[in-house]
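There are structures below to look over.
First subunit A sits with subunit B, and in the next complex the same chain sits with subunit C.
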Partner chain A sequence: MSKLELYLGLDVGSVSINLVLLNKDYRVLEKLYLRTQGKPIEVLKEGLEKLYESMPAGSNVSGAGVTGSGRELAAAMVNADVVKNEITAHGMAVLQYIPNAQTILEIGGQDSKIILLRNGVVADFAMNTVCAAGTGSFLDRQAARLNIPIQEFGSLALKSKSPTRIAGRCAVFAESDMIHKQQMGCRREDIIKGLCEALVRNYLNNVGKGKEILPQIVFQGGVAANEGIKKSFEEALGHPVIVPEHYDVMGALGAAILAHREMMRGEATKFCGFHSIKGSFATNTFSCSGCPNLCEIVEFYLDGKVKARWGDRCGNWSRKESV
Partner chain B sequence: MKIGIPRALLYSIYLPLWKTFLESLGHQIVMSSHTDKKILDNGVKFCVDDACLPIKIFHGHVMDLAHKTDAVLVPRLVSIHPEEYICPKFIGLPEMIKHSVPGSPSLLVMDYNARSGTEKAYHGMKTLGRELGASEKLIKRALSEARIRQAEHERRMEREKGLNPAHALDGKGMEGIIRLEQGTIGLIGHPYLVYDQFINMDICNKLAARGYGTVFPENIPMADIEAACKRYPKKMFWSYGKRLLGAGLTMMGDRQVDGLILLTSFGCGIDSFVDELLVIANRRKYKLPLTIITLDEHTGQAGFNTRLEAFIDMIEWRRRYDNYIPAHGLAVYTGKGTFR
Partner chain C sequence: MTITFPHMGWLYIPVKALFDDLNVPIVVPPPINNKTLEIGTLLAPEMACLPMKINLGNYVQSIENGADTIVLTGSCGPCRFGYYGVVEQEILRDQGYDVDIIILDAPGRDPREFVNRISRITGRSPLFKGLKAFFQASKIIEEMDKLQQVFLRKRPRELAKGETDRIQTRFEKEVMKCKGSREILALIEKYRHKAETIQERPDTTPLRIGLVGEIYTLIEPYVNLNVEKKLGSLGVEVHRGITIRDWVKTHLSLDLKYKKERKEKLDKGAGYLNLCIGGHAWETIASAVHYADMGLDGVIQILPFGCMPEIVAESIIPTISKDLDIPAMTLTVDELTGEAGYQTRLEAFVDLLSRRKEIIYEQA
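What follows is the complex of A and B.
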């Protein structure tokens, strides 16, 4: 049995679904960054199939970890060994790849977070509160409105010589301010750079409020692809900001590492294998009428049979035996 | 008369006073249901949109009682401690209800104003008693009985650490669970967040499932709270601001807890600076794991669970590190809390 052991990490987020395969030494063999497009099940299935094709001969998955806001869904689909929140997963990945990091700035599709690492552990963290202003989905929307491919958004910002000031407190204010500046005749790159600065200002005042931001500073999450934001962070913080090689899939990497650690305890993986992903998945939502809370229960089906349920406050549905 | 009392805002603190008084005057008390989705939906629908979540939920509770009772009690808490005030929304509450809740249910407004002295606080209750047609003698007896019950309730909250006053009122008689196998979390927030299982997404049971007990601001004796707040140059004139700040500082200072969670509802003015003062004090001195969780109308629990889970992971991660003494500098987390 000299099979190559691989570890699968999945990060099912609001905007993207990320998949990685790691070997035992935490080297990335394959990574996928896919847009969620509002249909996580289909995209995840597609991604897993692609990943399967890329697996080296004689290798198999010895552990699977999931994270992200869709982690319950993903865990039910693949029978994950570890289901972890994004903070722990991101912290784990950075500690592995950039051990001297002290600050993680993470901006994803709908979440932004700051994680402080001290002496190799997560010492403090904060997440955006009730508002998703300044996250990836807002940038996506602005790029679409200005008809600029999101990939070019950042490099365009770097061309700016005199950034204009944009209100950053709220996405709605930012958008109306951007339109005002555009109608005043400001250059497009100056508006975009202004937006980058506004987002960074907002992030540091809101998510990063009162946090001691020490180097090394790591910037990751989908938005880290944006060079304009990275530059604005460096200007605001006065320190270089590192964007790791796998900045866009760090959550998935963390999940895979956590899976490996879990499997070191000696149990066999629960991962269902790639063949069962080929089955047909479906969900059904209904409102439970057992009490006035009227919880929205999600039933998750594999080939017509209920595999898992979630969404209930009382736990009566999620505890119920699946067929 | 059948009088309804909304199970919202400060009921978990003052119910014995209100209920005993009205019952002693010969009325029947009906409580609204525990907060649920329908109450939340009704509150959000009929309350002015810029009010905070607890005020909206109070509206929902009044509606829950409107058809079950002859009248609904709406306390007007102006001040609960001499020379201090509480949130101004409590002062305007009866008017907000009158103008927002449809079908204009009949309301019994009961003032409570301790600003110029504790004895004077009960004037409002006596006035209500007279309006309800009770004799002076009966009012006097009812009030004295009510105050005895209230004092018992307050003493019990301070004595039984970890006791959730809302549970105590439900007669669950549950002994406070402050320390489970993993430790204790200090839950700092207004009573209407900390003791309402629906609004706070069942945080106590979620913590218990991970092996953590909880301790609440009402479990901290007033003398400790006053002493802890003395370090600030100015008086905290918001009563709940003082309680939350003093309770938080006491829990941190006595190393009673392994971490603190500050629960706040979106847009709370008092919390906006009390939480900040606690965060600063913790950063400068106590260095305990601490997080702020903002609650609003969300019923999706994913965001809440992520923050809670990450917080517990952080405590455990830091604790593991704590067992290892570095060759350089100090550990981030110095010492697990023990409850005295």
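What follows is the complex of A and C.
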């Protein structure tokens, strides 16, 4: 019996860490969506353990790709074959599963991005710059403040009949405005629907500014679970918005696909994640005084030995032979 | 009198040579670091753009190292930078720093005052010596521009990853130990040779990206988060029209041939913008068109947050991008810019360009 080849994709984001296992035909065998909770190393380790247990007998990982803001850390932990930025990874996943898509709206924990696809390639993109209003962590916070489970936030918005207008330009002001409306006696679902509309307005005016949004429109990232936001997008854009089946792990899917493509060039995988999670990881940071840049260097240890370093501008530390 | 001046990329190299030759004591501000920015952010108005914050940090750090006179260029307000000299003077005075500030505006308006201010700097040096020092400094500008071009060309092609950066860092360290223009010219020559002999990977045709935008942001690597090194190590050949040489040639020299070429380049943008609206917006637009004509793979515009002329240019660039079929991206920097997001955008843009190129190649 030939071994079952699997491809691993990791997306280490600010709010969630996502892991997926794909087979050669890009079918999802296993996916995990875990909250980062400020400790990416522990959560990733935990996730890899779970994934390892769920792997079918006779299968092994033939390639691993990582993406997300914690990609360097993850790459060092598992010896990834591909380390890619989130935009390329998200674009890759959508092109694979929804080939005729022309626009991707992606809202994650702290990033929101728009990616335009034309003729099967990424043609343009933009990310939020100065403000994180409207991203997942802001919604989390508002849900917690209103004491509504985040899972019910969106469906509550759908019950609104007359949404309140909320100033969504800035997270802090949006919150003040919501409190103001609540003290005026507005209904909770109207406030929430108002918030959804404000966030969509803010997204389209900032991230989507000047971009040609053509159908098919795909909405993904953790926030895509929110039906209220999806509805508001549809109202604002005048087109149906597709939320793909694996909307919450699209970045990880893209990373796994990229890993598969990389491995098709014929090299063997460097992946050692399931082995290295048995060891103990540690990090150490210090300020280098070699020059006036005073870079903050992060050292990453596996079982007491330095495995990787990053954070330096000159490259003298990151290039240093790791043991 | 101990002179200092604000940083802008390699500007310190010819300036140091100039004052060394004139025997005027000088303090080169310490290379810009987070401390510099911290000082500047504390002193500058919050809404001022990044260049001003860095300038102020440079002055304070130089004053701590013994400088008592600051020389800077004013340029009479093509954008708010033109007023920074005067504003910075007031801020330093309010903070109780007892320093002289000599603002050099372009000589056009009041040549006598210009000569006056120059002679305050050159002191009692004979005219002949002064002229010679200026001549040597402009030669250094030419030579270092060539060196920079070699680095830009080599970085995406180098066989040993990081070698170009290593050589450049060593050059920047050694140049500070040189005294006078002659030593500096010899060092530049030496390093140009070193850079020329960096081994290249065979058969590389790197992607080519043109950088456009606000002059200070383009020239000062601390401010643009080392965009040239970052792109270079992603395998991109970087083109940048706005350099120190270009700035000097435009504002201080009488080189008519250069001025004619510059005019022709600016005229390329005429379909989109045909006059100076302040800052370098016109150059930004014209260069974007120029780079599209050259067949570069993409254009990146960089501006400091709140830079009015560049914001106008930013809104024109998508039209150029569409008309001339060249991908473009805008990056805004200020003291709050996160390096991770910046790197992500650069990587994604490079991925986009290389995939696009592959497809064009497949179709051909």
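The rule we apply is simple: the second predicted complex is superposed on the first by the 321 of 323 C-alpha atoms of A that agree within 3 Å, B and C clash if a C-alpha of one lies under 4 Å from a C-alpha of the other, contacts with A are read in each partner's own complex, and residues count from 1 in each chain.
One rule holds in what follows: contacts are C-beta pairs under 8 Å (C-beta built on N, C-alpha and C of every residue); 3 or more make two chains touch, one makes a residue touch a chain.
All of these numbers come straight from a predicted model, not from anything done at the bench.
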**Prompt:** Based on the superposition on subunit A, does the combination of subunit B and subunit C result in a clash or a fit?
**Reply:** clash
**Asked** Where does A:V172 make contact in the superposed view: on subunit B (first), on subunit C (second), on both, or on neither?
**Response** neither
**Touching partner for A:E86 - first (subunit B), second (subunit C), both, neither** = both
**Request:** Check the residue A:M127 against both partner chains and state whether it touches subunit B (first), subunit C (second), both, or neither.
**Result:** both
**Request:** May I ask you to decide whether A:L294 touches subunit B, subunit C, both, or neither, giving the answer as first, second, both or neither?
**Result:** both
**Prompt:** When the two structures are overlaid on chain A, which partner does A:R313 contact: first (subunit B), second (subunit C), both, or neither?
**Reply:** both
**Request:** Pick one for A:G210: touches subunit B only (first), subunit C only (second), both, or neither.
**Result:** both
**Request:** Report, in rising order, the residues of subunit A that make contact with subunit B in one complex and with subunit C in the other.
**Result:** 69, 84-88, 119-125, 127, 129-130, 210, 291-294, 313
**In the complex with subunit C, residue positions of subunit A that touch it** = 69, 84-88, 111, 119-125, 127, 129-130, 210, 291-294, 313-315, 319
**Complete:** In their shared complex, subunit B is touched by residues of subunit A numbered 69, 72, 84-88, 118-127, 129-130, 210, 212, 291-296, 313
**Message:** So in the complex, the part of subunit C that touches subunit A is made up of which residues?
**Reply:** 30-31, 33-35, 161-162, 165-166, 169, 226, 305, 315, 318, 327, 332, 336, 340-341, 343-345, 347-349, 351-352, 355-356, 359
**Fill in**
The subunit B residues in contact with subunit A across the complex are 33, 36-39, 198, 202, 266, 276, 279-280, 283, 289-292, 294, 296, 298-299, 301-303, 305-307, 309-310, 313-314, 317-318, 320-321, 326, 329, 331-333
